[in-house]
Amino acid sequence: MAELTGGHLVARTLRQAGVRHVFTLCGGHILPIYDGCLSENVAVVDVRHEQAAAHAGDAYARLTRGIGVALVVPGPGVTDAVTGVANAYAARSPLLLIGGAAPLGLRGLGALQETEQVALLRPITKGAWSVAETRQIPEVLTTAIRTALSGRPGPVFVEIPVDLLLAAVEDRLAPIPTGYVHRPRGAADPDGLALLETLLVDAERPVVMAGGGVYWDDAAKSLALFAERAGAPVFMNGAGRGVLGTDHPNAFFHTRGWALGHADVVLVLGTPLDFRLGYGRPPTFAEDARVAMIDVDPVELGRNRPLELGISGDIDIILRQLVDALPKGLPDRVAPWLAELRRREGEARGKLDELAATDARPISHYRWAREIAGAVTRDTIVVGDGGDVVNCVAKFVPVDRRGSGSIPARSAASASVRRSPSRRSCSARTSACCWCPATAPSGSTAWSWRRPCGSGCRSRASSATTAAGARSAAHKCRSSARRGRWPPRCRRPATT
Amino acid sequence: MAELTGGHLVARTLRQAGVRHVFTLCGGHILPIYDGCLSENVAVVDVRHEQAAAHAGDAYARLTRGIGVALVVPGPGVTDAVTGVANAYAARSPLLLIGGAAPLGLRGLGALQETEQVALLRPITKGAWSVAETRQIPEVLTTAIRTALSGRPGPVFVEIPVDLLLAAVEDRLAPIPTGYVHRPRGAADPDGLALLETLLVDAERPVVMAGGGVYWDDAAKSLALFAERAGAPVFMNGAGRGVLGTDHPNAFFHTRGWALGHADVVLVLGTPLDFRLGYGRPPTFAEDARVAMIDVDPVELGRNRPLELGISGDIDIILRQLVDALPKGLPDRVAPWLAELRRREGEARGKLDELAATDARPISHYRWAREIAGAVTRDTIVVGDGGDVVNCVAKFVPVDRRGSGSIPARSAASASVRRSPSRRSCSARTSACCWCPATAPSGSTAWSWRRPCGSGCRSRASSATTAAGARSAAHKCRSSARRGRWPPRCRRPATT
Amino acid sequence: MAELTGGHLVARTLRQAGVRHVFTLCGGHILPIYDGCLSENVAVVDVRHEQAAAHAGDAYARLTRGIGVALVVPGPGVTDAVTGVANAYAARSPLLLIGGAAPLGLRGLGALQETEQVALLRPITKGAWSVAETRQIPEVLTTAIRTALSGRPGPVFVEIPVDLLLAAVEDRLAPIPTGYVHRPRGAADPDGLALLETLLVDAERPVVMAGGGVYWDDAAKSLALFAERAGAPVFMNGAGRGVLGTDHPNAFFHTRGWALGHADVVLVLGTPLDFRLGYGRPPTFAEDARVAMIDVDPVELGRNRPLELGISGDIDIILRQLVDALPKGLPDRVAPWLAELRRREGEARGKLDELAATDARPISHYRWAREIAGAVTRDTIVVGDGGDVVNCVAKFVPVDRRGSGSIPARSAASASVRRSPSRRSCSARTSACCWCPATAPSGSTAWSWRRPCGSGCRSRASSATTAAGARSAAHKCRSSARRGRWPPRCRRPATT
Amino acid sequence: MAELTGGHLVARTLRQAGVRHVFTLCGGHILPIYDGCLSENVAVVDVRHEQAAAHAGDAYARLTRGIGVALVVPGPGVTDAVTGVANAYAARSPLLLIGGAAPLGLRGLGALQETEQVALLRPITKGAWSVAETRQIPEVLTTAIRTALSGRPGPVFVEIPVDLLLAAVEDRLAPIPTGYVHRPRGAADPDGLALLETLLVDAERPVVMAGGGVYWDDAAKSLALFAERAGAPVFMNGAGRGVLGTDHPNAFFHTRGWALGHADVVLVLGTPLDFRLGYGRPPTFAEDARVAMIDVDPVELGRNRPLELGISGDIDIILRQLVDALPKGLPDRVAPWLAELRRREGEARGKLDELAATDARPISHYRWAREIAGAVTRDTIVVGDGGDVVNCVAKFVPVDRRGSGSIPARSAASASVRRSPSRRSCSARTSACCWCPATAPSGSTAWSWRRPCGSGCRSRASSATTAAGARSAAHKCRSSARRGRWPPRCRRPATT
């Protein structure tokens, strides 16, 4: 039996949930949590703007396919984190934002930084809670974590008044739940499986669209098996980028528009039919294409376009079921379709290379992108921002991370709320940066932690950048990053 | 090509979704929808308080396992429906509430009955929308319907300004979506299935708790097969009541507390571990019981109590998988456990019968319940209200509806928001009523539609009711109901 | 020093705030408050549907120009009260709704009737709070009361978990605030006053529109003085009806449309320029009329129409300032305008009388209204519902209550959320009822408290009603009411 | 007659409302507004993070005592502005945030940057609207502006879908309202005035606490007259700092705690009794002090502490009424009280000067503050951030701006949501910066507009800063600022 403060209960609950790092901008209302983190060996990463903390927590969640945590003071701390939370909401990322709060004992009196936080966060989270008693901290936090991780993942918010963090309770009165998260890997039912098989067997011009769900369900390997078995071309978007390597024979990149417009069967895996896919409608999709979709969220099934079949379940499991069910010989049947796509892919690639060969000054987006690409290795984490530029860079920088466990963070910029982890605290609008190691949320943060880092910018402010300059910046970034270590050791940040 | 009003688009979209009846209290803002219903052959059932309309739409949804629709004027019409919507939310019932709205062209000026409806309905629905253009009516309504029916079902709200209902558009500009609802019947993955099998094979004192999910997944038959295969006793609650008939040898009713308190394995099917089950905690559940749970909503898995296993999927499919997987011979193994339960069940039954034998005046709850039970046949729909009384009546009135398609409406009163379809518009607090046919939402409505109906009340106001009086009222109700016809033919209600 | 339960603290705080009656439908979650009410001599009026409780609390607030209180159980109790709260919100009535809540100690576990109440009530209240500690009960309640009464009045909501109501604290730790409501009676500044005077002195065809603000500011007497001084015709709407008696020479009723359409100066007192006044725009208001407005809520000043002058302050004080400032002789100047209005008023009255003379069967609205009017005395409280019928009845039933302290409850039906206190719990749609004494919220409630009461209905269900029948019903109602006593003595209601 | 786009309507409405500058981070969804601004001669100031735009709009509102406007793209643009809006909400600043929105015609389909913005902004604004038709743009914007400026000022939000901005309508169909804002300057009623007078006449140890309301009501001059007439010491906080110059004999700075703790009468002008004033309770306020308060928001009257008197009205008008009402001779009566305060003020000043004399390295806060103070002139705008440091600097930097029209922006940091305009986009945590001219929202913005600017930081990163370094930085900042011009000429920003 021991007495623990509320802050210690927070840290112990997080640690037990497997959390090793929390991201924060330190402040007085949440000090007891830092102390708890020291005791529980949870590293506290201090950043310079709470937006960076939220983005970093999001990135941590994506990298680990688990909960990511940002920890902020009430009032401006919580409001500063809003963009990061909204981004995680759009990207289905299980971020837990823990906000301090004015003391419960002063609620309503106009205490320092007292703000209506739960109502504010509700529209951009799967759930938002205010803790009412110290002993309930583990229960509320684990409820939030389960909510974030279950079904369609997404961010959650918990606010904890500072007096509850300071108060101590006996640990037996505030037990930390166990066995509270179950992420069942749903399979397809026999009828659904049979219909899916029929669709694929009958297809002459199949297309597979692989989105973030393939990444979240860790289905890269079964996708490769399936693509080979079905002979189908695979396009990737969002966090799905990289689930097939650039050298996989069924992976295609530059002919998505033409392929979707001419396909007779489209299998959509873990990506919504939103603006990025023309809402699944003509002219992006052929009018009479037969479309099937697998997604963790059943509400996405039938959204914007009629489906032949919608299945809600685990993409890895279902692809394995499919591989077992499909007859041999399908690749031969669709070989002409693949050949035509390959021819067009080559043409498109050639045109891009031409565009990137220019020496025009200021540097063209294409040339700049090619220089970035030249500095990127398999270990590089590329973080970009700014829709147009990111779209351009994405055509050149290979994303090839089978087994690497890295995160397609760049895809954040394509999400409907498009902010990458690093963006907003850089002093200039960063068009693309190369960071390593992974979760460095911002330049100033990295610098404050004595992490080497660098960035290659192409903003208005540096519009005179030449190809040589871009190349130099990118390489400098990469080499300095090699000298860095990450993550920092756990220590309590100084307060300001 | 034809021109359709917005009101007609509403009716056509509903009809295409399989809706045959809508429940309403008629008013000017939604008149164009009534006209559309006449054209599209959707029956309009006019009631006397919008709360009754919402409860009736909820009941319709439960009976049909599909969408139920209530249609109300803006302002007080929508606010009057709030309790019905909240009830549907607690009970996971796919009710679509369509609210009129002040004209879009006058928004913000303080128009008649202008109210902030979407924000009001949001906390008690799965989604709430305001239609912005006439041509979007089919899209918004089908989005709402998909949301209501997908995953964990629940109510939704759509408001449509009256000017958009009056405006006409060419039908080709407002196509009604098809193939927009997919209710995939998820199966268990192999690992989950194996673990579940192991739990059951090892169990010495298993208990199955069957809730509303068993009804929604239409799993009554596979539950019976499973119970027989596993030899497990089955208790039912909520909308799960009646999925095993009273004469099924594995069905138990009066020993739930003892059984859960002594079980070593509990399989929870489609019911949350909320207050009705003591939060799955001691003393209701044995401290060391191993608990597995199947629920459509993954967020319920691990809530309030550690689970050995949580599966999100279709209960019917998964029970069938289990029946195939379980070895023979399990019933012999657990026979002593069942024998003990049967002995205790008999004792409990005997005590209840004693309590109900009294001739005390005013009539005791138990006696009164027994008289009601005597008047109820398999075809009777029992609608009750008032927590204590309903709990008592439930012990006497058999719910036995294999294949009958009827609705365990009584269970509404056990839900955390406990209001039954009929309650609030009766002039006295109705403790229990016998209605037939099914969805009659209130006495005055039935009367207005010239439906025979009746009720047996036990309220303070009738506390002198004797056993004879209760019996007489209940029988009168049943016999008059036999003469009724339902549903009424479609006609446009008079406006007031 | 004494120990008080949370429930007792509620009652004591209410009593200290001058509350003598609370309206409720009794239930377990709020029992400690009833006990407190017994100790503190606050009468508990038990009704049959929480909607009636909320409407009654609203009526109490209007009658007393102070706080009115409804007290309901969590979940369905709170949702049932929503229409009453929304009505109070539209009518600017300071209703305090106190809702029970599931125990704080079980928050989030799915406790009985646990519902997200604060978010639900927020869109229709000036503020909504959840109490976090027993000792904060007086502070939160008084904050709610101050919010309800300050500036533009309106409803508020406070939820109190049942464990906090049961817990006892020393009274010195939970002091009840004093001096916490200040309703400053703001005067006009010199510039504003001068401009207002100029407008009136220059006017040839002035019109005064007196709304509910005149009632709330208790400005009937100063309005009469002002009207006489300025010689201006006065029309009344909403809760302003009756502030000038029907026999006052400046009071007009049947020519509002013509007058506003021809006025050169309109002074709007305490009523918004919403749908009831054609948004202050042509054709209701003359295009070039110069409009000035006095309202407690500055946001209403300039809404929908340009104003020459907008003043936010106390109507009584400002009218007194005006009376002092205006020169003598104005009535002579505008005499022709008044004469013309009087001629038209007589014509309109004649036409109405003709319409009401018919013996047609079923009875015409006009005749029916005249019969109601014949049964109404100065002491009668008229409660109506159903927009069209109420509009008709309002033309015949005189509202003449100088000094009577009665409430123009009928006007509720003209408000944008139009529900009168009695409506929804009557078993038939009540077109108009005559109640006495004042706040009887419904027939069944009155009956349950052994109050004589009656009603005259004109619904579809009684469409054969004749003039004789209407007259008989109305007189019966009045005479039975005379025998009643009100309010009931304080006693604890039985629980169900 | 002319055709105008929705974007042009926005700009024309703003221009007509007196807005000369809007602050933005440019993006595609709001381009039509920029075009409109070019036509209507509204300067568009492009910044590097939407948070800066919101803070700048807030600062503009404070400087002009009128509406300030920030203009942002949907999704991340709006979420980035949240902190700025929340800050304006806490500081009662009339900021209008205009957010772009996904096309109305694609609402609900998952369009680029589609986000639920209105619900998000509601908890931190006085009102939030979504425009439904192009022709309603002027009406909605003017409604928002009236709401922001009326009564207690505060921020508002309007979102406008991009298709409505692009669509053109005839200007006569979308008239821009006039005369829609009235900010009545309420006077005290005779009773209130008399009571106030009595309090002051009887006082032996009076204290006046002057907050932001004195600034907003432009009451600096009448406050000086009143203080001299009453002989009362005046303390200032929040935006009230500087309303009395540092050399005014009744202005006090360093003895507030002692004075409030010993006063017998406190007059609180335009500042809430929140955490900054110890909630108006002991030990900050004497237990038996008689407190009167004047505030624009009547809900503040009686909050946290009983008041003898609460008045809601214009502070300038009421102080003038008071000056006329008060008898002569009061200063003599309270002379001993002032003498004692002056003695203590001198002592406190001396201690501070001692603290600031240190040469310790790293530089002490006090010394650093003194160096900043030495570089500040009457024209300097001081922008600070970081609670502790700001509190320290505030003791040294004189705020003396009678008639200067400058803004006490530093006080933002004392507000409960404490972020100053410049903070968050600086690459290091800025403890204090000296900006000139006024509204420069951030270093990178200033640089992008070729504005000279500078800053003096005392962050961890520069903790070795010496006194000489601080002095040098501050002077460099000031001198470079002198060369700048502001505001920039209107031009359309480049898009990215």
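Worth pointing out:
Order of writing sets the chain letters: A, B, C and D. Residues in each chain are counted from 1.
Here is the rule we go by: contacts are C-beta pairs under 8 Å (C-beta built on N, C-alpha and C of every residue); 3 or more make two chains touch, one makes a residue touch a chain.
Please read all numbers here as calculations on a predicted model, not as lab measurements.
Considering every other chain in turn, the ones in contact with both chain A and chain B prove to be C, D. Comparing chain pairs C-D and A-D by the number of C-beta pairs in contact, the larger count belongs to A-D.
In whole angstrom, the spacing between the mean C-alpha positions of chain B and chain D is 54. Centroid to centroid, with C-alpha atoms defining each point, chain C and chain D lie 38 Å apart.
Rounded to whole angstrom, the centroid-to-centroid distance between chain A and chain D, based on C-alpha atoms, equals 38 Å. Within chain B, contacts with two or more other chains are made by residues 119, 122, 143, 303. Residue ranges of chain A in contact with chain D, taken from their complex: 48-49, 51, 75-76, 79-80, 82-83, 86-87, 90, 106, 109-116, 119-120, 122-124, 272-275, 279, 303-304, 386, 388-389, 416-419, 424-429, 443-444, 447-448, 459-461, 494, 496. Listing the residues of chain A that touch chain B in their complex gives 143, 146-147, 150-151, 177-192, 297-299, 301-303, 306-314, 317. On chain C, the positions that touch chain A within their shared complex are 104-105, 107-108, 119, 122, 129, 132-133, 136, 139-140, 143.
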